[in-house]
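Listed next: structures, encoded as structure tokens.
Two complexes, one shared chain (chain A), two partners (chain B, chain C).
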Partner chain A sequence: MSVRYHCSHLADPAPPLPPSYASSSSSFNPLGELYFCEECDAVRCDLCCVSEIASYFCPNCTFDVPSANVRGDKNRCARSCFSCPDCTTPLQVQATGTTEDAGPSAPSGPPFILICPCCRWSSREVALEFEKSAGLALQLQKLLSAKDPAQPEFDALKDHLDTYITSPAPAPTPARSASKHPTRHISHLTQMAAKALHRDVPGMAAAGAVAKSGLRREMKGGGERYGWDELGEYGTKESWRARGLERGDEDVEAMRRLGGIRMGVEPEGSSWYNDGKRRLTNRYPERIPLQTKLTKRCPHPACRHLLIQPDTKSTRFKIKMVAANYLPVVEIGRRRRRIDGGGHGLMSTGSMEEAEVRRKERRRLRGRGEEVDEDMGAPIRPGEVYTFQIAFTNPLYDPIQVRLTQPTAPLPALLPANHLIHIPTRDFIVNPLKDAWSYDDEEEYADMEGTEMGTSEDGSSVLPSSRGTLGPAAGKRSRLSVLATSSGGTLRDKERRKRESEVDKKGNCTKVGVEVEILPGATGEVVFDLEVRFTYRVDDTDGSKPKGAEKETQKGKEEYKHFTFWARVDLGCISP
Partner chain B sequence: MGAFDAPIPYDKAVYIETDTGNKVSRKALIQGASNIVLGGKSIIQTGAILRGDLRRNAPGQHPVITMGRYCTVGENAVLRPPGKMYKGQFTYYPQRIADFVTIGKDAVVEAAQIGSGVDIGEGAVIGQFVIIKDLAVIRPGTVLADATVVSSMSVWEGNPGRLVDTLPETYQETVEASCRSLYQRFRPNA
Partner chain C sequence: SEPRITAHSTCLIAQDTDLRGEITLSQGCIVHPRATIIAASGPIIMDAGCVVEENAVILNRRKEVMRIGKGNQFMVGCRTSPSTASIVHPTVRAKYVGVEAASIGNHITFKPKSKVSSQIAVSDYCTFGPGTVTLASDPESTALETLEPYTVVYGSLSERRKWDGSAGETERAVKDKEREYLREIMPK
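What follows is the complex of A and B.
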């Protein structure tokens, strides 16, 4: 049970591929996870937004880390935050020594150890103790660099290459000397790689040619090495040979014995096994990885407007352009099953003509109480007809006129349909969102039924024209615009019409019915797309709002805008 | 949101509604009530246990559990202030819970601080001195070790609990609306 909204990912808004195309699912997200660009008048999603890191922070000590330090700190907290090597729980610092001012029962002085509040792992297991309770990361780094040769070696190598990587690419001049370690500048290399990647497919031949002419020339060496850099020789801090890690044939033999069906069985007495054991017992706590707050931009090359800008000091956002503030919330609920649905299903072949016949039959039977309420989670059965309500909740301070249809997919479905959808009420109004101060208006809104085209199935209805009056308080309610108009008639008429059109209105929420006929013998998931086109009033900046009983004029019409979006409704699997 | 959310009826004989709109089950175990401060429009459901009696080992009046508005303490959930040795003596520390906090059924909470808009799932265990910042979700069944810090906009799951996800930017509106809606739908039957 879900309703997700479509993002066209920078393409012009168009109906999505049918649900049977698995590839279409990446274009649908819950409304709460979508953004809206006012400049482009388009929905944007996390996949297409351009994200930039606004700030870094440690999730454990919640301190912000200046972005300049992040790289040096290797994206981890450089204070005293560690995770347990056994269970990843954040470790706690515990004093083990006694000090003078505290009683003997409560140790509060050095040495300090790290202890896991979850699995009771203690840094004593790896013989780690600290002299001070703060700045443990630095203390640990010093302790570890004395024990583990790999990290300092890597750091030294990285430092050696760092200046080389970050320095700007030299102008392509002939090499000054024949270095023994020619290495192309890395940024230059990535540029080349990028060029190669962006080449057309027929360009493969060209790439080959470059490789032939370019690479071979490089291989020859000598005076033709343009753009080559000097790189000093790197001397290792410690030799792996000196540490006795070289076993040569012995290791090769050990690897041979690992093969075949003996995979997974430790070769007895093998050095591999022993090394593995060493790693298991000597695990050090890891510094906790940093988290980020993200700034998100509209991905359109001509737009790039900020959609999300977090406040780095709080949980608020300086800019928050989310789709939930622009598009109505679509929800599905109130499931009912038609009791006579099964009988008709027997002769069904799923053709549109038959569906129409059955639909007419259902309409004839409607209102005679042949429907039973069902739980939304109850299994969906083949050959049954269900009616649901689809709720639209308006986030705008103006009413919206909605047209609800099934989209015309750009490609035919991959699978034959397992259900048929019928939307009896395609056009309806959703009342505006109210501020807390206007709750007194409740009664008045209840009266505003608008002009639902209850039985119109040709979709011919347009914006309803203004009829009736809005009463003396019209000035106050002018923001309702002429969209919401009283259709007149007696209360009983209204109620009857309401029932017929299956429109249920409350506050800024309108519910309409949808029939879902599960075809006999059908299996799989019941998923369908809806096209929602809504018309809303644009704020009139020159103050000439249409007021009260004024008729809608041509000029007034220009103040309306349309927006179309697509939503995918997933009702779950059919149970046989 | 929540257009199909049904009313949640309760037995009028079971719940007491206070002047500030709190709805407290008579079948909840509230110990040391004078040390418990409820901000209003909060719901304490049947079987919940609030240990306001576990007060600080110091003279004077100290609130033990404070809770903001639009909070819900689910059925059989336990709220208990954290305690530890301090200068050779065992003492409890106050438990502060902000607004729009939902504590699921059967959860056990010994946190020191729970921020606004925090959702603690059913059966979760929140260890002593845990600090949960504003806007976070602890999924059902999660066990948070003592003194865990949960940062804003994060989602935690598992035993031991780990940061598994982040929340969408719309979470604050969503959680506040759902807490308000829950309170409004929690009505006496007939």
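What follows is the complex of A and C.
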């Protein structure tokens, strides 16, 4: 049960492929996901819009992170937002210590811990306590980097090699360097680096040792190098033997024999997969990843106008051109099933003439036939006739005239249709959107059954008298009475007329009936496309009109603009 | 039968509550409006400082005494079903579906809309997260399952884990403050 709108992406608007083509489904989106470009007068969807990142923010503390800091913070919140390793909810900071003046009632003061409000995970389980209650990310980073030997090792190695790289290279002896240019020593470095990388034993300490042993080999081998002699030996802080990585080579061989498994190292504490249970006990809480606010633009190369621009400071938008503000909202509902015999004999063909015959039968039997209200989620049975109501809600401040048709598809359907559609009223008007307080009494009165209190403009209330018996009153009221009598004096008359025309207008929403006949023996989903063409009046009121001569023609300068869009209505699946 | 409520003088019982049977409330208990405590067959004894919030249902169908410990919090809409079957068919039999656990310990929090099956005896310091459904691990057996103390039931899949008690004093302090606040506000 859904109504989705067609976006022709950048092509000229054209009827979409019929529903039986699976490829057509990508162009249909619910109205809430569509935008509208006023310049191009076209519907745009998420797939065709150009998105740019407007700003980054943390979903937990809603702090707006300046774009410059985002990369340095590794796309995570740099303040105190962490997610629980067990259940991924944001953690809360709680004080566990006591200060002198607080007394025994409530602890408030260092040390601070993180606690999960959902699963009661506590950072004490990983022995994590903080001194200050703010800026926890920084404190955690300091704690973690102190334990990890890779970073200081890398820094020391870099310092050591810096002396080589930055110090002026000694003039190469011509004997060796005749054909080589001075950049040769860099390729040497890369050779060493490549050799070091071939040993995939984790830990920089090992690589340092390899470089060391490589160096020694080179020195002995007397290969071509520049300046290596000057470079002293690098002493690692931690020997890889001490760390027990001696067996590294054996482990590598064992893993190679496993075969077919990609060797990858998962760093401790990272958990970038989100499914399943993560029951490792020594997991650290992760900083919460930042999310982005996007700006969307029209994709048309000549247009490029902004469709969506979020406001950095708040949750609102500076520019918000959504399709719901331009296109009528189409909804389908109120399903009813006829129970005067859905099948007059077995209809094997869905030919139009037979359908017409059947429809005439139904209309004849309308007085005697009954309709049963059904839930929209109930299964659809073949061989039955259902009636629905399609509601059109007008978002514009002008009334629109709507015409519904069944579109002519560019290609014939792949499967024979399993249903027949009949729309008794194809042309109708939808009233404009008005502010709640400026609704005219006439509309209220004509539609509601007289149980509501209408108010006339002078503030006095209009009593819900029965149709047409209003006493002498202000001009508005007399107009009201005229309308009341003309729009169907008795309740029964009004209902009858409504049923015949099947058009129900209320405020800026108009509902029309649709009859869907499911063919017997049909299977699959009941999906059909509707072509909606609406016409609205556009007052040509630019200030660019020259004064004087144009003034007489002002009244006649109303333009009528048309807009056509296609909607796909999905009524559900047929179940036998 | 007439409700026979024995309440300590510091208890606060709202008027719009549904209390039936023999109920004893120790000091400092607070019963919100629209709460339901039914001692259908046997009496219910609540120890000090319990808070029963709106739409919570506590029901004792058995003839034995149902003892509820101190400092418990039955939040909005919490209840248990009489048997595991009626979690699936909520309209079966019972007009009232209430907390029917065999015994309830101290300092337990039943978060809103949590359901605990009657086969479970709840130990001290347990927490039942909002919307969780706690069934006995072995639904076939009819034996009583005692939850370990400090168990937390959480998440949409009602997983369980242990709590190490961190920030427990903070929580208790917060709850005490809540109780004081209720005592001030509710009479108004």
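Basically, the second predicted complex is superposed on the first by the 350 of 576 C-alpha atoms of A that agree within 3 Å, B and C clash if a C-alpha of one lies under 4 Å from a C-alpha of the other, contacts with A are read in each partner's own complex, and residues count from 1 in each chain.
The rule is simple: a contact is a pair of C-beta atoms (placed from the backbone, for glycine too) under 8 Å apart; a residue touches a chain by one contact, two chains touch by 3 or more.
Keep in mind the model is a prediction, meaning the values are calculated, not measured.
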Touching A:P399 in the superposition: chain B (first), chain C (second), both, neither?
-> neither
Touch count on chain A, higher of chain B and chain C | B
Scan A:R124 for contacts with chain B and chain C and give back first, second, both or neither.
-> second
When the two structures are overlaid on chain A, which partner does A:A95 contact: first (chain B), second (chain C), both, or neither?
-> second
Touching A:C87, do we find chain B (first), chain C (second), both, or neither?
-> both
Of the two partner chains, chain B (first) and chain C (second), which one does A:P16 touch, if any: first, second, both, or neither?
-> neither
In the superposed arrangement, which partner chain does A:R334 touch: chain B (first), chain C (second), both, or neither?
-> first
Give one of first, second, both or neither to describe whether A:E33 is in contact with chain B, with chain C, with both, or with none.
-> first
Which partner does A:I115 contact after superposing on A: first (chain B), second (chain C), both, neither?
-> second
Partner chain in contact with A:T315 - chain B first, chain C second, else both or neither | first
Check chain A for residues that touch chain B in one structure and chain C in the other, and list them.
-> 87, 105-106, 118-119
Chain B partner contacts - residues on chain A that touch it in the complex | 30, 32-33, 57, 59-62, 87-90, 92, 102-103, 105-106, 116-119, 291, 308, 315, 317, 320, 322, 324, 329, 331-334, 376, 389, 391, 393, 509, 511
Can you list the chain B residues touching chain A in their complex?
-> 1-4, 85-88, 127, 133-135, 143, 145-154, 160-163, 166, 168-174
Any idea which chain C residues touch chain A in the complex?
-> 127, 129, 152, 154-155, 159, 161, 163-164, 166-167, 169-170, 173-174, 176
Footprint of chain C on chain A - complex, ascending | 86-87, 94-96, 105-107, 113, 115, 118-125, 277
